[in-house]
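Below is the structure I would like to discuss, written out as structure tokens.
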Amino acid sequence: MSFLYTPDSVAAGTTPAVSLFEITKHFGRFAALRGVNADFAPGKLYVILGENGAGKSTLLRIIAGLMEPTRGEVRVLGTKKLREVAMRVGYMAHAPLLYDELDAMENLRYFAGLYGIKDDAMCATALLRVGLDPSLKRRVGQYSQGMRQRASLARAILHDPELLLLDEPFSNVDVTSAKDMASLLGAMRDQGKTIFVVTHQAPVMQPVCDECIVIAGGRLTTREKGIPRHLLSPYAAEARR
Amino acid sequence: MKAPGTFAVSRSTLAKDLRLEWRSKDAINSMLFFALLVVVVFSFAFDPTAEESRKIAGGLVWVAVLFAAVVALNQTWARELRNNVLDAYRVSPAPANAMFLSKVIGSFIFVTILEVLMTPLFVMFYNLRSIGPLWELAIVGLLATWALVVNGTFFAAMSIRTRSREIMLPLILFPISIPAILAMVWATTQILTGEYSPWFWIQLLAVYDVVFTTVCLVLFEIVLNAE
Amino acid sequence: MKLKLTFFALVTLGLLSYALYMALVVAPTEATMGDVQRIFYYHVPSAWMAFLCFFINAIASIWYLAKRSQTADAIAVSAAEVGVVFCTIVLLTGPIWARPVWGIWWTWDARLTSTLVLWLIYIAYLILRRFSTSGRAPVLAATLAVFGFFDVPFVYLSIRIFRTQHPQPVIAGGEGSGLDPTMAKAFLWNMIAFTFYGLLVMWMRYRLELAERSIEEAHAEKALQEGA
């Protein structure tokens, strides 16, 4: 099987931010992803919709380098060796990915160290951008869900990544926090970042979305500009096949 | 921004772990108490004379430490699994071995604390007096603890990818550790009884430590990313 | 392939029958131990096969870790299972032989202890395979096999030296220690027969493993096509 990628859907001369070729993932006999093919241009905000179990999280984990596909090839920021671009990628999941017993700055300071960042300024900036107070000493485990997801987003963006992968960032989050996070993502996209958001809450992302993709039954079934009407209701993608 | 070096990340991860342990003291307290109980139960099982006790103490102490250490090792990765924090580490450019080293050193410190607690109790219950010098016992202690902890941390990481993870760790650790256990028990006994020189066993432990630390460092990344 | 296997099986059957005849009928009864000594013709070849299987497993595991080849993993698991069976035979026949002859069930000598530790490591290997979720089992098990590979020399060495400090009578002193020529012939035939037998069973297990994997793949392909 040859894995040459053909940059046809991307403007000539630009490397796609993410390039998927025949991405397939099996868990035992269950096929979570069935031959997903797509190229994604940089500098856009992509919203990924789909029912539970459709394969969205799996796809995001594969792009993030946390999981290997059973078959197929993924290229991120132009390379197959995902470890090499880890510095330029940020990942957020619906689990907080933070230590409950530390406060926000302590958490961020630690994760900043993993990216070779030694000064606190970037951590404080990240927290301010998501609307949290860097001087708050409360342990993250005691945060509300909205605050926790904001802190998790701060962790994902603190090293100023070019590519941001967010898996259900708004789950159980209050409306204000969700809207704030969405507009922050839009602002980041305007600065040239490439952003992927997997979510069930299409309306929140609608103002800032460039393209939306629907994953159903492990396949990429729809790809459109913005979020079309019929996909706007939260679970519309599931109701429709 | 450059990708961080192994040493820097190990240090920050270790500091983070120590801080986390300090803030959630319940885990430590229950393990310390468990170690105490192990010593007491063993002491009830055997009632030797002073002469006999020198011959069996080596085995008793190390088996007791082994059981207490398994309880501690099972906790090593528990915190990284809560909230899926391990994903955040794996996604970052930080080297896998940095986390491994910090976990090993963290467990090493913790098991040493357990030993420092358990040994005086054994000495008391068995009226132990060592014929050989104590500094030799200290060397054995350090090498032996490292042997248990380096493999234990590795296998604990393996076991997080399995069902029944608590039982998986001792299942894998005990067979592989048999030469090290033999060495640590006999080195200790040799020093306590003063019968033979413990140096062959100490050298064996040292070589064992070097070989298996290398194997662990080479293979850890594979195991960490096995998903 | 089926033809080769059948042929190999027939050859093995022939060898085993001849070796059985040699061991039970032709070989003379041992002077001091009596007929019980004939266990020797099964105990030692089983030990040899067990070590050979585990060695094959170690090599296959290293190959798997380097190349992620499915063939390597299939060989590894076949070798491990067959090795455990032979190892169990060794650990059972040893005491059966030792008790009437030397009066003791067990002794912690280098060879016996190494065999026991190998057995423990590979039982752990098989349990690890069973308890890991499907995709991860080969990698984790191969890693454990590498640990085992480095561990066994330590086991052997440590017990050898232990026994120089705490000596005790060695049972079943060395194969070559003054074996009657007819006995040596019987022994050799059994070694060859067991080698063929062990390889035959491993080959069959390997084919079974490949068959199981292709069934899984077929299911996976089918799942892939569904809802197209």
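Think of it as A, B and C in the order they're written, each chain with its own count starting at 1.
In the analysis below, a contact is a pair of C-beta atoms (placed from the backbone, for glycine too) under 8 Å apart; a residue touches a chain by one contact, two chains touch by 3 or more.
Here the structure is a predicted model, which means the values were calculated and not measured.
On a Cα centroid basis, the chain most remote from subunit C in this structure is A.
Comparing each chain's Cα centroid with the centroid of every protein Cα atom identifies chain B as the most central. Inter-chain centre distance (subunit B to subunit C, centres taken as mean C-alpha positions): 32 Å. Our note on geometry: subunit A versus subunit B, Cα centroid distance of 39 Å, whole angstroms.
Subunit A and subunit C have centres, each the mean of its CA atoms, that are 50 Å apart.
In subunit B, the residues that touch at least two other chains are 227. Residues of subunit C found to touch two or more other chains are 135. Residue ranges of subunit B in contact with subunit A, taken from their complex: 1-4, 8-9, 12-13, 16, 19-20, 23-24, 79, 82-85, 87-94, 227.
Here subunit A touches subunit B in the complex through residues 64-68, 83, 86-87, 89-91, 93, 95-102, 106, 110-111, 113-117, 139, 155, 159, going by the rule given at the top. Note for the complex: subunit A touches subunit C at residues 24, 26-31, 34-35, 70, 217, 219. For subunit C in complex with subunit B, the residues that touch the partner chain are 65, 117, 120-121, 124, 127-128, 131-133, 135-136, 139-140, 143-144, 146-148, 150-151, 154-155, 157-159, 161-162, 165. Considering their complex, residues 134-135, 216, 219-220, 223-224, 226-228 of subunit C touch subunit A.
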